[in-house]
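Next come two complexes built around subunit A: one with subunit B, the other with subunit C.
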Partner chain A sequence: MVEFTLWDILRNLLLATRWTILLSLVSFVGGGLVGLLLLFARIGKRRFARMLAVGYIELFQGTPLLMQLFLAFFGLGLVGIDVPAWLAAGTALILWTAAFLAEIWRGCVESIARGQWEASASLGMGRLQQMRYVILPQALKIAIPPTVGFSVQVVKGTALTSIIGFVELSKAGSVVTNATFLPFTVYGLVALIYFALCWPLSKSSQILERKLNVAHRDH
Partner chain B sequence: MTYQFSFAWIIQYWPVLAKGIGITLELTLVGAVLGVALGTACAWARALGPNWLKPVVAAYVELIRNTPFMIQLFFIFFGLPSLGVQMSELTVANLAMVVNLGAYSCEIIRAGIQATPRGQFEAGASLAMTPFETFRHVVLLPAMRRIWPALSSQIVIVMLGSAVVSQIAVEDLTFAANFIQSRNFRAFETYIVSTLVYLVLAIAMRQILSGIGWVLFPGRKA
Partner chain C sequence: MSLIAITEVKKRFGSNEVLKGISIDVQPGEVIAIIGKSGSGKSTLLRCINGLETIDDGSISVAGAQLLPDEIHLKALRLKVGMIFQQFNLFPHLTAGRNVMLSQMVVKKTPKDEAEAVARKMLDRVGLSQKFDAYPEELSGGQQQRVAIARALAMSPMALLCDEITSALDPELVAEVLAVVRELAAEGMTLLMVTHEMKFARDVCSRVVFMHQGRVHEIGRPEDVFAAPKTVELRQFLGLH
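Showing the complex of A and B:
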């Protein structure tokens, strides 16, 4: 019988935390890019693209992330791709993140006063120019706090990928528990590590919100 | 060889799915009622409660909001028995959902309370109401009306998040899907059907919750 010290447990959990961080970064960056495309479709002039974006967002916000992971895991397999867990996890998380970020950013863009659109249109700017030079620079400032806040949801979302077999912090927690029979200690530590990852993000979101003073600015 | 989709099996497994839907709804109902009650109590404690209580509630809220629901569930299910606390899967799932929604709704309701103009508190005090009476009769209702949309979406999020309880063998909708796909090996179709069921539940719940809002908190949206 091997004895495990607290350090053994913590070390193994921390090694697995690297994968949680990596997956979170990939999902957030990838989701941001896809989300930007969705945003343009959602607020664009084309009716068809707009409805497609609405449907996409509704679908991904109205179903459990766990189901999306299952569908990515088994669905990609049907197309004939041999699906490793990381691929299914990354795909599902990127698509899921994109839906939420697009919706958050839409709110920010729509909070920009109508007059800004009209003013830039009267200067002869095209739609893309309006977005690039007038709307997005202003919307960006409003968007930063909720975007940082949502990154917490992404980090927490990665925990679900353990269910389809991606070895990150949560999966490592189950594995270490099975080896040590110390669920209280192990899951306690896992929770603390997640907290250490998420709390600074939550806090900075709050601080940014206060700093940019978005809530009390009148348009 | 291309894959042949088939959904004909659905009729055979309908009772399994129906039972799963029932348990998911039951979990959501208990979680929503008790969770919002806990959240209201915590919001009162954080906004207006005694000073020693505030940091305790703040720690609870921060701890829950910054850790994944699945880990909270596992901690209660696997971790607490080593302290001698034994509960059935269903009780654990209910408890985890209440604790989780309690923390989120605390923050939402607190925002509603803090948006109440100071004059309302003063008006209550000038009518010789105790601070608790003022909270109960003057502050809470408009606050709830204000934040009801946010609270509704949080309840829907908790319902969707409850998919994870299948991992501790609670026989909810996801558990039913896992069971069916292990029998018929049609994983993709099974998960498509259960995902669509979740989507319908989410959309229906949003409608029902907004209806409940109209009935419970009538009047002008502030």
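Showing the complex of A and C:
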């Protein structure tokens, strides 16, 4: 029987961690872009777009991410489109992230005082101009801590993609366990690696919150 | 021809009718004080004039620009009439100078240097030329309100709506803001102001409108309205018995 050193295990896990990081980044950036579109639809004047956005957000927030992954992976397969695991994983995570970010950002936009909308409107600005020059710059500042905080959820969310066969950190963990029969060591390391990824994010979210709050108190 | 024509304006919030048919014609250069108890509809009337509230009936026009609910007509109207708010509503993320420049550049597409020159001139006009680079949070309430006035003036409106612009100020800061308004009035700016400053209304305004329960209850020259109120309600409001 082959002997595995701790380094062998760790090396394989770290190689798979690259995919966890990449998938997190793609989900976060893609989700951010889609989320921005959703945000505009959600707070816009058009009733139809608003309802569509609300429906989307409720659907994705109200169903488990796992089901969304299954549907993306197997659903398209049913109609004859062969979806590779990475594509299904990326798509599902982007759509899921978008729903949450849109809702987080909506809260931030709505926390901007009504007087800001009224003052900019009375100066003749159109809705997009108000958003771009007055509302979003202020909302952005408030949005940074919860957005960074949510990125932790995205990183942990990628673990679920192992179930549809995408080889990221969690999947690599089970593969390595099957080869080494050392589940406690392997999953312990997997957990540590997730922690190493997520902890700096939560910490920076806390630091940002404190920093921006201090700035806010001076108003 | 009147600059601002308000004709039979009605406004409801749900089942509560706050404006029950208001008609006022404002001539160019007039300074009009709108007084009345809270809830009499005076702020709502002001907010209707530049389309911050929609109206349910009647019509409003400013220098030929009709109040209609679409963005193009609203913009045309708002370019003719500026508004100053009780809570100043300066943009907190921009300096005083940038506050005054922003709408010129965004709405009128004025080039940056020109907008900056206008901003400096307007801040100078309200006595704040040294505060160009100060953020709103670094300014006193009175200074913030003067920046707000400069910001409205930079769009060169034909009339200004002032919604209780000294009500949020500490007493010692009221005078500096009123001095600016007094100067504007002297220069011939058309002003419609909701105010609780009765002395100011008496000294500066050409007409006083007393609103009561959504109607214009009395209207006239300040010397008549204040010295010889015709109705019980106005007498009560002024504290005369």
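The working rule: the second predicted complex is superposed on the first by the 210 of 219 C-alpha atoms of A that agree within 3 Å, B and C clash if a C-alpha of one lies under 4 Å from a C-alpha of the other, contacts with A are read in each partner's own complex, and residues count from 1 in each chain.
The rule is simple: contacts are C-beta pairs under 8 Å (C-beta built on N, C-alpha and C of every residue); 3 or more make two chains touch, one makes a residue touch a chain.
Please read these numbers as outputs of a predicted model, since none were measured by experiment.
**Q** Taking the superposition as given, does A:R127 touch the first partner, subunit B, the second, subunit C, both, or neither?
**A** After superposition on chain A, A:R127 lies in contact with subunit C alone.
**Q** Looking at the overlay, does A:E118 come into contact with subunit B only (first), subunit C only (second), both, or neither?
**A** After superposing on A, A:E118 lies in contact with subunit C but is clear of subunit B.
**Q** Just checking: does A:Q138 make contact with subunit B only, subunit C only, both, or neither of them? Give me first, second, both or neither.
**A** Only subunit C is touched by A:Q138; subunit B is not.
**Q** According to the stated criteria, A:L52 is in contact with first (subunit B), second (subunit C), both, or neither; which is it?
**A** neither
**Q** Given the touch rule stated above, what does A:I163 touch, subunit B (first), subunit C (second), both, or neither?
**A** A:I163 sits against subunit B, while subunit C stays out of touch.
**Q** One more residue to check, A:V175. First (subunit B), second (subunit C), both or neither?
**A** So A:V175 meets neither subunit B nor subunit C here.
**Q** Contact-wise, after the overlay, does A:M67 reach subunit B, subunit C, both or neither (first, second, both, neither)?
**A** The answer is first: A:M67 touches subunit B but not subunit C.
**Q** I want to verify the contact counts: of subunit B and subunit C, which reaches more residues of subunit A?
**A** After superposing on chain A, more of subunit A is contacted by B.
**Q** What residues on subunit B touch subunit A, complex-wise?
**A** Subunit B reaches subunit A through residues 3, 62-63, 65-72, 74-75, 78-83, 156, 160-164, 167, 174, 177, 187-188, 191-192, 194-195, 198-199, 202-203.
**Q** Spell out the part of subunit C that touches subunit A in their complex, as residue ranges.
**A** Against subunit A, the touching part of subunit C is residues 50-52, 71, 74-75, 78-79, 82-83, 85, 87, 89-93, 102-103, 106-108, 136-137, 148, 151-152, 155.
**Q** Subunit C touches which residues of subunit A in the complex?
**A** 113, 115-116, 118-127, 129, 133-134, 137-138, 141, 218-219
**Q** Would you pull the subunit A residues touching subunit B in the complex into a rising list?
**A** 58-59, 62-68, 70-71, 74-75, 77-78, 152, 156-157, 159-160, 162-163, 170, 173-174, 177, 182-184, 186-188, 190-191, 194-195, 198-199, 202
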